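Shared between the two complexes below is chain A, which has chain B as its partner in the first and chain C in the second.
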Partner chain A sequence: MIEAILANIAKDFRIEFRRRFAVNVALSFAAITTLAVSLTAGGARLETRTHALLFWIIIFFSAMNGLSHVFTREEEEGTALFLRTTSPELAVFTAKLVFNMAVMAVIAAAVVPLYVFFLNVEIASPGRFALVACAGSAAIASSTTALGAIVARAGGRGSLFTIISFPVVLPPLWVSIKATQSSIAGGGAAQSIVFLLAFSGALVAVSYMLFGHIWIEE
Partner chain B sequence: MSRRIFCTTSTMTVRSFSLDAVSLSKSYGRTRVFENVSFSIATGESAAFTGPNGSGKSTLCDIAAGIRRPGRGTISHYLNGAPLQGESLLRVTGLAAPRVNPYDELTGMENVRFAARARGADPLTAAPLFEFFGLARHRDKLLRHYSSGMRQRLKLILSVLHDPALLILDEPGANLDDEGRWKLAEFIELIRARTALIIATNDRDEAALCSSEVRLD
Partner chain C sequence: MAITRLVHVFMPAAIVMAFVYAPAAEVLGETSRLLYFHVPLAWVSVMAFAVSGIASVAFLAGSKGRFPAAETTFHNSATLGTFSALLATATGSVWAKLMWGSYWNWDPRETSIVILLLIYFAYFSLRSALAGKASRGRLSAAYLVIAMTVMPFFVFVIPRVFRSLHPDPVINPGMKILLEPEMKLALIVSAAAFSLLYFHLLRITNRVSKIQAAMEDLSDE
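Let's look at the complex of A and B:
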């Protein structure tokens, strides 16, 4: 199983390195949206709550542009059946989860400095801010990977993925916004980070239990 | 030839595989694909799934491979008396079909290496297979640069590189030239003694490669 997981991870990253589709789409959206927000703000001093809200709106919609691709690509290009006949389902899910985590890490790594620089945000607790960004991004990736498989099987495109993801992502999104607001203002965020990590763990566990029913064809 | 293709050691594992399908039926909504299909196949035996277009040959192949559930009926797989399902079934099954497409962004060898690692097989077993199917010169080309016939040959390699106990070939001669079809027939003769073989086809010559027939209407 470990070898199958590693094979799938290597395959997904090799393909993405050669195509750069998911990362390019997500990063383009993130950069353009951040710049648009900064131009609209026009140097105005925004409240910490507004900064937290805008930051996570950018992260969320950048994620929605990039995270469904990992399964949609398999169905659209007809490689899903090849994958079903070569790899155990849990190896497929684990690899896709790792890939989505990496995509979210790239999005967060790009959005954080862009946002802080262009909107001139003064962060009282940069360490906590970074931890919240990481934990929140992980929660989004954890909760949407299996949903991406459902959307791909349904033949759906980006809007369907966003619609069915939103109710699942709303709790960690809300907690991430609160924790980000607190870290910008210099407050604590430990409980929120723990919640986000626990949420990620719970959603991954549920996804593992359900993925076999999603993946195998009826 | 069979030893050279599959094994780097001098011994080949003796194995006994069997598949028992009882009263299989499949429908999609109100559309009945097939009904009450029963068959059995074991190591050294072969069966051709025949029938008109839309009769469910490919669907039955998927069910036999364990990647699709039947609507009704039961299907059981055994290797040396032990039941197989999930990952254990995946490791001993090979499927080549028009719908099974490897990755265009990977080379032929990269696709093979991926499939071998995912199934716990040795990628080195692919080298003689590339030679046998005439793809040795093309193994480091991206799959998007393969012709349809070359793709079909690679699909055959991918389906057999892990020495499957159950081999399912859905329209294996599609896109193959005369040499490719001859190689396919030769390869089937090499492996049939240690494999349970299923061929889904409308081609009478391909169906004739099998010792029994499951007719879908």
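Let's look at the complex of A and C:
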């Protein structure tokens, strides 16, 4: 099983490294939206709450542009059937989850400096801010990976991924916004980080249980 | 059949009790009669979501046809849940305008019903995107199970994000209905009537779905 997981992870990263589609689209979207916010704000000083809101809205929509790609690519290129017959479903899901976590890490790593630079944010607790960004991004990736598989089976149509992901991602999004606001102002965020990790764990566990039903053809 | 008869008894009783038997509340006045329709509708929308979730689990667990009615049950329950959530929102908004001065206030319970509606709308969008596919039942059931897993997290999050305007006498941490005895009885009868109506409609819609499936099979032959 571990060999199958590692082989799938290596395959997904190799394909992405060749084309860089998911990461390029997500990063371009993140850069455009951050610049758009900065340009339209026109140098105005925003409240910490507004900063937290805008930061997570940019992360959420950037993620929506990149996360479903790992499954839709398999369906579009006709490799899904091959993958179903050669790899155990748990290996496929684990690899896709690791890949999506990596995509989210790249998005967060790009959005944080861009946002801080262009919107002139002074963060009182940079360590806590970074931890919240990591935990929130992990929660988004772990809750939407199985949904990406569902959308890929539905033909990967337009904004369906965003529509079905939004109600599921709302709890970590709210908590991340609150914790980001608190970390910008210099407050604590430990309880929120625990919540985000618990949410990620619960959603990953349920996704593992459901993935067989989503992935396997009857 | 028993459910149908019970609906015929409980529904008129609930309407009569709401308008005649129960007294008007002291501060809220005659508008308090909305309570006997708004609260049961909100209750039914949550119950329909729970039934949808349980039927989805049953559908996925018994994939070899152990629960043949599970797919129609979770879909029809979601449809009925959407209607009751919309009606609960409408009655709640009217009451909010009268009591709090605006139709929408982002109170925790208003937020909860919006999230429930968002889940239902997302489910129907997914369902329509999967039209004609053999995997439609499995994929939509999987989505409902994921959505049901997320619901307990909202209980933790929403009260910390939004401040409540809803009155404590009806909804409070002690889980007790702190109303006058007549009002309490009218509310219980109304909740029972709406619950029975939900199960009655679910049974009818399940039968309609079964007939539609049989007709589709006949036309295919």
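Quick note on the criterion: the second predicted complex is superposed on the first by the 217 of 218 C-alpha atoms of A that agree within 3 Å, B and C clash if a C-alpha of one lies under 4 Å from a C-alpha of the other, contacts with A are read in each partner's own complex, and residues count from 1 in each chain.
Criterion: contacts are C-beta pairs under 8 Å (C-beta built on N, C-alpha and C of every residue); 3 or more make two chains touch, one makes a residue touch a chain.
On a predicted model such as this, the values are computed, not experimentally measured, just so you know.
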Overlay on chain A: chain C relative to chain B, clash or fit: fit
So, does A:217 touch the first partner chain B, the second partner chain C, both, or neither? both
Once aligned on A, the angle formed at the Cα centre of chain A by those of chain B and chain C, in degrees rounded to the nearest 10, is 90
Which of chain B and chain C A:20 touches, first, second, both or neither: neither
Between chain B and chain C, whom does A:45 touch in the aligned arrangement: first, second, both, or neither? neither
Should A:81 be classified as contacting the first partner (chain B), the second (chain C), both, or neither? first
When the two structures are overlaid on chain A, which partner does A:150 contact: first (chain B), second (chain C), both, or neither? second
For A:199, using the defined touch cut-off, is the partner it touches chain B, chain C, both, or neither? Pick first, second, both or neither. second
Quick one: minimum Cα-Cα distance, chain B versus chain C, in the superposed arrangement, integer Å. 5
Chain A residues touched by both chain B and chain C? 217-218
Mind pulling up the chain C residues that touch chain A in the complex? 60, 63, 115, 118-119, 121-123, 125-126, 129-130, 133-135, 138-139, 141-143, 145-147, 149-150, 153-154, 156-157, 160-161
Of chain B, residues touching chain A in the complex: 62, 65, 67-69, 86-87, 90, 93-95, 97, 99-106, 110, 113-115, 117-120, 158
Note: in the complex, chain A contacts chain C through residues 143, 146-147, 150, 153-155, 157, 160, 163-164, 166-168, 170-171, 174-175, 178, 195, 199, 202-203, 206-207, 210, 213-214, 217-218
Chain A to chain B touching residues, read off their complex: 1, 3-4, 6-8, 10-11, 14-15, 18-19, 77-79, 81-82, 84-89, 91, 216-218
